[in-house]
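Two complexes, one shared chain (chain A), two partners (chain B, chain C).
Entry: the complex of A and B
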């Protein structure tokens, strides 16, 4: 391998065979690269300069550059900062909710039996339905079931409760996903560890903290990273339950509203860039930290 | 193992274990009730006749009716165009993804020099960049090319958006497939394309079925791409059309809920019949779209 690299570092492979292989590889990669560039990469780079313009309505393409004005405006704008607050609160509570519930379910269902398999099927079911329809149905669960039992107003109708209600719906949907990841990790732990621990006289709690928890740390990393990203991007759910309610508007919805509803395309693009920066920095930092913890264990 | 725990006191241990198990099962059943509550509410409304919609909210309708489903299936224009668009959009998207990503993944899994590692890093950037960051340029580009509000536009956008996620899963799988078979193919005089189609692609069947099922679920349920690119009623997919219909006909709750149930039915059938592929795909590191 290292030999190969020293040869290659000089110049590109020139033997006819190597050249043919390389050309073949490019042909195999080409469709994917073209499609990805067209839909994701090119628009991503195009979007950056748009964030420095006063572009208003997307119907016209008339705009001029206004430097950092959009960013300066956003960082002092009450509604944008509020949307960041909503996004973070939702992300944190949703990450906690979907992971705690998923982990708890995995613990309950970790042994393989007909009943447990059936239960797993049921708990994963919400993940396969569209979030948007589910959110509407949930709004009726809140008024009809929750409202009838507790005689309280639906939390989706209360400014102070709307994020919590969204967290409930989000966790309901995604706890089946985290459950599957935790289950997969738990099933890789050899039974020998538990048997040895029992012989040594370790009780269930000790076995849980000394065997189960350390062995499934990679599953925590995977689940926390993914729910962090999903939480920060949250769009479908707030689009349906709180499109017009500021108290439940996430930054992703703020971006959509600025571009497509409020004729503030340049501003929306700047908000999107801020959200992207936060997302990249946070997910990288969290992944890095969790990997470090994994190594130390 | 249980015997070792309970030691000499086997009978008491077993007694204890049975109680623990009963508590566990009751707990699970209670959780199931909560998890299934939205489904119950949706079914309830969907079977209600018009005059019972706002009456006795929690009980099953006295005279359950299939009329709502009939009305939606045969008389609702939004449902009809929605299901047509969903089918016409989902099937090509899923097959494009299988074809493109299995070809690219083969190269990315088998070659490990700097060029291919950079390629892989770039193609999986989609996992990191949120969709919101490029909806504006994407919409403007597609508008200029006449791809907004069209099936073709949705297919292109949705498959492009799914590439990163699929690529991670498929490349990971190909790395576990031994190369010996391909090398045998080379010796037999197959060229690269023949090796791929005759030997590698068939070996990728398990991951491709997983991708087929998972991507169908994600693309059928897609809302964020649809709401940005499908700006006319005629072009809306079922997932988008059901929300539009609900927002415009809040009084016709029974129809809206029948619509919801019909929209999720294909995916429900797919999930219940091909569950193990979904589960293996999720646990192998595939993520949602």
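Entry: the complex of A and C
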């Protein structure tokens, strides 16, 4: 606990024991940090200079510095801003969908029984399927099942509904993951709290709002942060279902299309950096807010 | 124990001798990257590769090995190819029409084949050669060509007394008759960009080339001309809209090529507007079934004249001179073009660029070859430059919105008519032009 306080306060460990523990922790973290730096941080920083160039094809060695032209273009470009709008809408609805479904599934399946164990496995299965495969399966469901029954056009074929359809696919796939995190959090709550609350006359709803919810806030923090990041950088799903429809193209697809398909590598790099900055700021803001809520509760 | 030891040692010696025997032969590896994800084409290439390996072994005593990597053209082919080149991991053979890979050419990753005796000996048309050229030089071996038109259900047409349409009015009458009999006229697949594109080409290419507008794509990409400057786009959209009519299926906007094939083969629709690259897929789907299909070029007016065959080189292969074995890769392509074209057509269901056939060549391929030989064609290669992938993407995005707006009756990206589609198309083109100017 004292160790936790030391780290949280940001002060350097003072006692020899604390210093030793701190060094040990750093040592354990080192391989992961090095790997992360090698495959994420270094390429990211290496890529920044290219965003200030007119680099076209990635095989081309000819490019020149064009200052902030790429950034100015993107921030005033209708289609890039539209892709940001699609990204935010998708991220928000997907975050809500996957978390709400995962949370309710966790509530339903929190008690251990053979049936519940089996159900947990079944609901987790979609998460083991690749997003591409899930999108293909759902496009059949929307066209051959939903379309045949209702005689209506698949939502994947309509610009007004394509983001909602993508949210449905993404939430369906990832609800099993959020369910597991919520389940794990719920199972760490001591039964003593519920027994004491029952003795005090608290009903199920009261127990839920006063014990379950506050105790699993860290799980909310984890799930919301992860689904927020996944939602913001969503790529494979729109790539499969919305390649020729701007209404469903996220910023990650815009980046990919710019760099690879359209030979605008410098511009695509600038778009990638804008997206990364948004991701960092938003993730930090959400995590900070949720941590504060955790402390307050 | 001794016996066991002897046996193990003998085995080791045997393996060692085998290795030595193999080491005596020079080994040549030819790596190919392509987007022939259809099984029949990849299988056809495998057979030709085996024949080539046998030939080299017999004539030169060298072992040729092939390593093939297939990626989807619409999504990951281009990134995979670019990434491998960036990593200096070179494929000997790269599939693609050079006009779309000009950066690779400029950086020296594509062999200049100008004056290649084998290509020269094929006696190809200017259109065919245009598809494998860039700035007047040859950069790829053309293998076969593609076109598009209407596949129809022969039995259904016969039962309903529908003749193969010669005019647009007859085509629309056929659509109406099919609809009246509870059958969807078309199996559509507007979720694939290729579908919306080929629905336009019959009018755009044919009319533009007939009017000498060979710079059409070049001028649109440079911004010198706008889509409104060419009447062909408006006419093509209007003609296509009449074909879509009010009988489109709800799955038209979400179906991809393979879905539409199934709708057509299962008898839910009487016709399928498709590319000839799909013949092999249809053939494999109808294997063992009582299904007969026919093919006709889509009439787009009421003149009754023979429709013009659109032609574009389909399978074309470039050689990377910086790879390990470019000479053997070129030899392989020459072998393919000279000794194996009939075999290729039969295996892949693709009409060979040389017109070579065998006794097994399917009648539809023979008809396509005959139509091409007649010269009543409009070849993509006769345009000065093709659309780049960025412009192709923009073009298809506008066309997809147009198709979806007609099928659903709802505006898509502000597109709800021919005029708004042209405006949206131009807006997307302008975006590409402004990006290129950065």
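In the analysis below, the second predicted complex is superposed on the first by the 257 of 297 C-alpha atoms of A that agree within 3 Å, B and C clash if a C-alpha of one lies under 4 Å from a C-alpha of the other, contacts with A are read in each partner's own complex, and residues count from 1 in each chain.
Basically, a residue touches a chain if its C-beta (ideal position, glycine included) is under 8 Å from a C-beta of that chain, and two chains touch if they have at least 3 such contacts.
Computed from a predicted model, the values in this text were never measured in an experiment.
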item: Side-by-side fit of chain B and chain C on chain A, or clash; value: clash
item: Chain B versus chain C as contact partner of A:73, first or second or both or neither; value: second
item: Touching partner for A:47 - first (chain B), second (chain C), both, neither; value: first
item: Touching partner for A:181 - first (chain B), second (chain C), both, neither; value: first
item: Partner chain(s) touched by A:209 [first = chain B, second = chain C, both, neither]; value: neither
item: Partner chain(s) touched by A:260 [first = chain B, second = chain C, both, neither]; value: both
item: When both partners are placed on the shared chain, which of chain B and chain C touches more of chain A; value: B
item: Touching partner for A:119 - first (chain B), second (chain C), both, neither; value: first
item: Partner chain(s) touched by A:32 [first = chain B, second = chain C, both, neither]; value: first
item: Touching partner for A:108 - first (chain B), second (chain C), both, neither; value: first
item: Which of chain B and chain C A:289 touches, first, second, both or neither; value: neither
item: Footprint overlap on chain A, comparing chain B with chain C; value: 58, 61, 144, 239, 256, 260
item: Contacting residues of chain A [partner chain C, same complex]; value: 54, 56-61, 66, 69-70, 73, 77, 79, 139, 142-144, 147, 151-154, 156-160, 239, 243-247, 256-258, 260-264, 266-267
item: Chain B to chain A touching residues, read off their complex; value: 1, 4-5, 24-25, 27-28, 31-32, 35-39, 41-42, 45, 57-58, 96, 99-101, 103-104, 106-108, 111, 113, 116, 119, 122-123, 125-141, 143, 156-157, 159-161, 163-164, 167, 192-193, 196, 217, 220-221, 223-224, 227-228, 239, 242-243, 246, 256-257, 260, 263-264, 267-268, 271-272, 275, 278-279, 282-283, 285, 287-288
item: Contact footprint of chain B on chain A as seen in their complex; value: 4-5, 8, 21, 24-25, 28-29, 31-33, 35-36, 38-44, 46-47, 50, 58, 61, 105, 108-109, 115, 119-134, 136-138, 140-141, 144-145, 148, 172, 177, 180-181, 183-184, 191, 194-195, 198-199, 222, 226, 229-230, 232-233, 235-236, 239-240, 251-252, 255-256, 259-260, 265, 268-269, 272-273, 275-276, 279-280, 283
item: Contact footprint of chain A on chain C as seen in their complex; value: 74-75, 78-79, 82-83, 85-86, 103-104, 106-107, 109, 190-191, 193, 196, 250-255, 259, 388-390, 393, 396-397, 400-401, 404, 407-408, 410, 412-413, 431-432, 434-436, 438
